[in-house]
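Per-chain numbering from 1; labels A, B, C and D assigned in written order.
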Amino acid sequence: MDKRVTDADAALKGLKDGMTLMVGGFGLCGIPENLIAALARSGVKDLTCISNNAGVDDFGLGLLLKSKQIKKMIASYVGENAEFERQMLSGELEVDLVPQGNLAERCRAGGAGIPAFFTPAGYGTEVAEGKETREFDGKMYVMERWLRADYSLVKAWKGDTNGNLVYNRTARNFNPLMAMAGTITIAEVEHLVEPGEIDPDHVHTPGIFVHRIFQGKNYEKRIEQRTVRQRA
Amino acid sequence: MALDKNQIAKRIARELQDGYYVNLGIGIPTLVANHIPPDITVTLQSENGLLGMGPFPFEGEEDADLINAGKQTVTLLPGSAIFDSATSFAMIRAQKVNLTVLGAMEVSDNGDIASWKIPGKMVKGMGGAMDLVASAQNIIVCMMHTNKHGDSKLLKKCSLPLTGVGCVKRIITDLGMFEVTPEGFKLTERAPGVSVEEIQKKTEGRLVVPDDVKEMVI
Amino acid sequence: MALDKNQIAKRIARELQDGYYVNLGIGIPTLVANHIPPDITVTLQSENGLLGMGPFPFEGEEDADLINAGKQTVTLLPGSAIFDSATSFAMIRAQKVNLTVLGAMEVSDNGDIASWKIPGKMVKGMGGAMDLVASAQNIIVCMMHTNKHGDSKLLKKCSLPLTGVGCVKRIITDLGMFEVTPEGFKLTERAPGVSVEEIQKKTEGRLVVPDDVKEMVI
Amino acid sequence: MDKRVTDADAALKGLKDGMTLMVGGFGLCGIPENLIAALARSGVKDLTCISNNAGVDDFGLGLLLKSKQIKKMIASYVGENAEFERQMLSGELEVDLVPQGNLAERCRAGGAGIPAFFTPAGYGTEVAEGKETREFDGKMYVMERWLRADYSLVKAWKGDTNGNLVYNRTARNFNPLMAMAGTITIAEVEHLVEPGEIDPDHVHTPGIFVHRIFQGKNYEKRIEQRTVRQRA
């Protein structure tokens, strides 16, 4: 099953105003740069975006915030983005802040057909307000629901035309989980290869989860905190 | 004299044991990595999906695909492993991580912690902190004893939205080290040259002072 | 004349569509793989953790580490993927598998299926069948129309412990093809030479016979 | 952290009568042969074993059934083992049959700190009897609890002394999930290597889940259904 499409713009076919998207990445690490740029070009709006972070002011999801294409953001940490904070505090942007582990597990649950599960994170805090809580083996837990997306946009290092994906280092992060949870999952990869070029044991995301794939270009891969040590 | 950040980190490092898996939060906790005793093996977990985190890369060797949870460029050590965010928090919730060290804005004398939000002002999000504090078997909070207005951050009750309830086991501040007990903060060590009186004055929550409080050895 | 196992498999194969991911159960369903139309691409999923299952290995090339859910030695096709059992059932529950074909002991006219247990007699276990039938968006059951005593296996109500409720969409037996509808088993095709009367006689559950029932083309 | 032990017998230190064990493998594929043999030698009894299958009469967990060391078996399919069927029907052996996907997810949940979750499998059948059921988005689900083990015994193809594991082909199956869910997890590997010899991106089970590791020997790797095709 050849799932390749020509580019990011073609990959977004069918994506409409008001849809829910998952966008992979942790900070600016492992984000689908080409797809985010194409989203900005497309002008699609009123999006609900599920992503661990919201990019920075001029890169990543920050681009879509600046152009006011995002109506609601579901994320765990947004401290790197001043425009985000402004829109949230002014009420322009709906925000649902979710503990990072709960966010990851809720995406996986969406891709695993598990509609709800119990987690200790957030118990006794405002993120548990209005949610069912329960004791198991002497400890309190909160029931959380799965998250699913109309489109999941992920970035991998390598992929084959069947949709099998391999990630590089910590650019993996949320990408495999979000890939599982999309009704349509689009993968952009740095290297698109033929079936057989990836060892089946090394596949991180089996192709069944991926619906469209293309080789991205001009990766900027911006570093947020460049920390180095001196050579002795 | 009150401890500086490096001294706090150094003191925390003495809590590490051979074979520990440790998650270090952003800020002072990150500095703990610089003081791991050379005779023990400690493996650092970073919740963005990395086990066996090494030091910062040499200049020119930064890899945008290899960062820690603070978004800093890092390196891998031999025998490290990479995994997705769900697996990362799986090992955290399943208490495979032996020790979590993190910062806080406030801690209450029953072990509640507030660290992620100042309503109407600062809303960066909780990141992985809520998951870490709800799961870890052993949590050390490190922070300054008072805020910039001189108000105590060791309280009867947190005034800010909570990150977790009844979860903090131990606190290290610039003034001393404390255990959270049913009776409140138990002072176990005081910073060199810091008096019990000063700590009492700067602690709003219930404070338990044993007869003999040793001075901290850094 | 009633269909043989290969003919059943051949008829099921015509339900396959280009791009489908398919899980084939043990027995007749396995034979479907031999009849996939050459002009379409179908990917076989095996619930022990394999996507892109190829044919049996050549003699001498069997690998004990590479089996399907029926514990048979198999091969990999280019572009296949291996994963753990939790991920395997994740893709099944999330309905990424487009079609599940499996056998049964009994099916009822509301779509219930019994396939895993004969109380006091046979207790092999359900394996992945309960997960598959509870999850699949499209399920085809294939089985003999009657048991060895000549009793119908298409029933008003299953007599054996259930594998799943209201989940079967379509059934192929040696006598014909049936859709499960609110009115009962709707006969859509009869096996070549098999009369509607014979099917009526051998079907205990509610049977809906449209005016014009075509003979099956194998 | 060097986790290597000398052999299977040493690895089982602390394993006592009455404990709950998880044992990896699917059929005879990917089972910890050395650890099972050591269990048989040890004579430890009244075990509760969680494993997808129960081996065959003279291999795999069948060895421990024959010697009556297993009190209770939690499995999804036991059709390959006549002695098992005999002990179950006679009431000598307690048996809890669990749908395979639920079994896998319950092991993962145990290793992921998720005490309970909702699954569609088994709804309306006898495996759901006495369990909470609930509707989510128009579909019915059953609440299932995590499974955890005192000891998890797994088999990998390669492992390093930090405990990082890599599995080979479908010998992976339940092993990574059970590795997560053990209070003590023991891994036997065909190739024990030094830290640094496994690419961090290729690790299937991060070492944090593994407490003891050793290189097994004399692998029999029996095939249950040898199916082949003729050369043209």
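Simple rule for what comes next: contacts are C-beta pairs under 8 Å (C-beta built on N, C-alpha and C of every residue); 3 or more make two chains touch, one makes a residue touch a chain.
Computed from a prediction, not measured in an experiment: that's the story for all the values here.
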Chain pair showing more contacts of the two, A-C and C-D: C-D
Chain separated most widely from chain C, comparing mean CA positions: B
Rounded Å distance, chain A centre to chain C centre (Cα mean): 36
Distance from the mean Cα position of chain D to that of chain C, given in whole angstrom: 28
Rounded Å distance, chain B centre to chain C centre (Cα mean): 56
Approximate Å spacing (C-alpha centroids) for the pair chain A, chain D: 32
Multi-partner residues of chain D (at least 2 other chains): 105, 108, 112-114, 119-120, 167-169, 172, 200-201
Multi-partner residues of chain B (each touching 2 or more other chains): 76, 82-83, 86, 89-90, 92-93, 135
Topology of the chain contact graph, where touching chains are joined (line, ring, star, complete, other): other
Touching chain combinations (by label order): A-B, A-C, A-D, B-D, C-D
In the complex with chain A, residue positions of chain D that touch it: 105, 109, 112-120, 134, 136-137, 139, 141, 145, 166-169, 172, 200-202
Of chain A, residues touching chain C in the complex: 1, 108, 110-114, 160-162, 164, 180-181, 194-196, 198, 200-201, 203, 206-209
Complex contact set, residues of chain D against chain C: 26-30, 52, 75-80, 85, 88-89, 95, 97, 99-105, 107-108, 119-127, 157, 167-177, 204, 221-231
Contacting residues of chain C [partner chain D, same complex]: 46-50, 55-74, 76, 82-86, 88-89, 92-93, 112, 120, 123-131, 134-135, 161-166
Interface residues, chain C side, partner chain A - complex: 18-19, 21, 41, 43, 45, 51-52, 76-83, 86-87, 89-97, 135
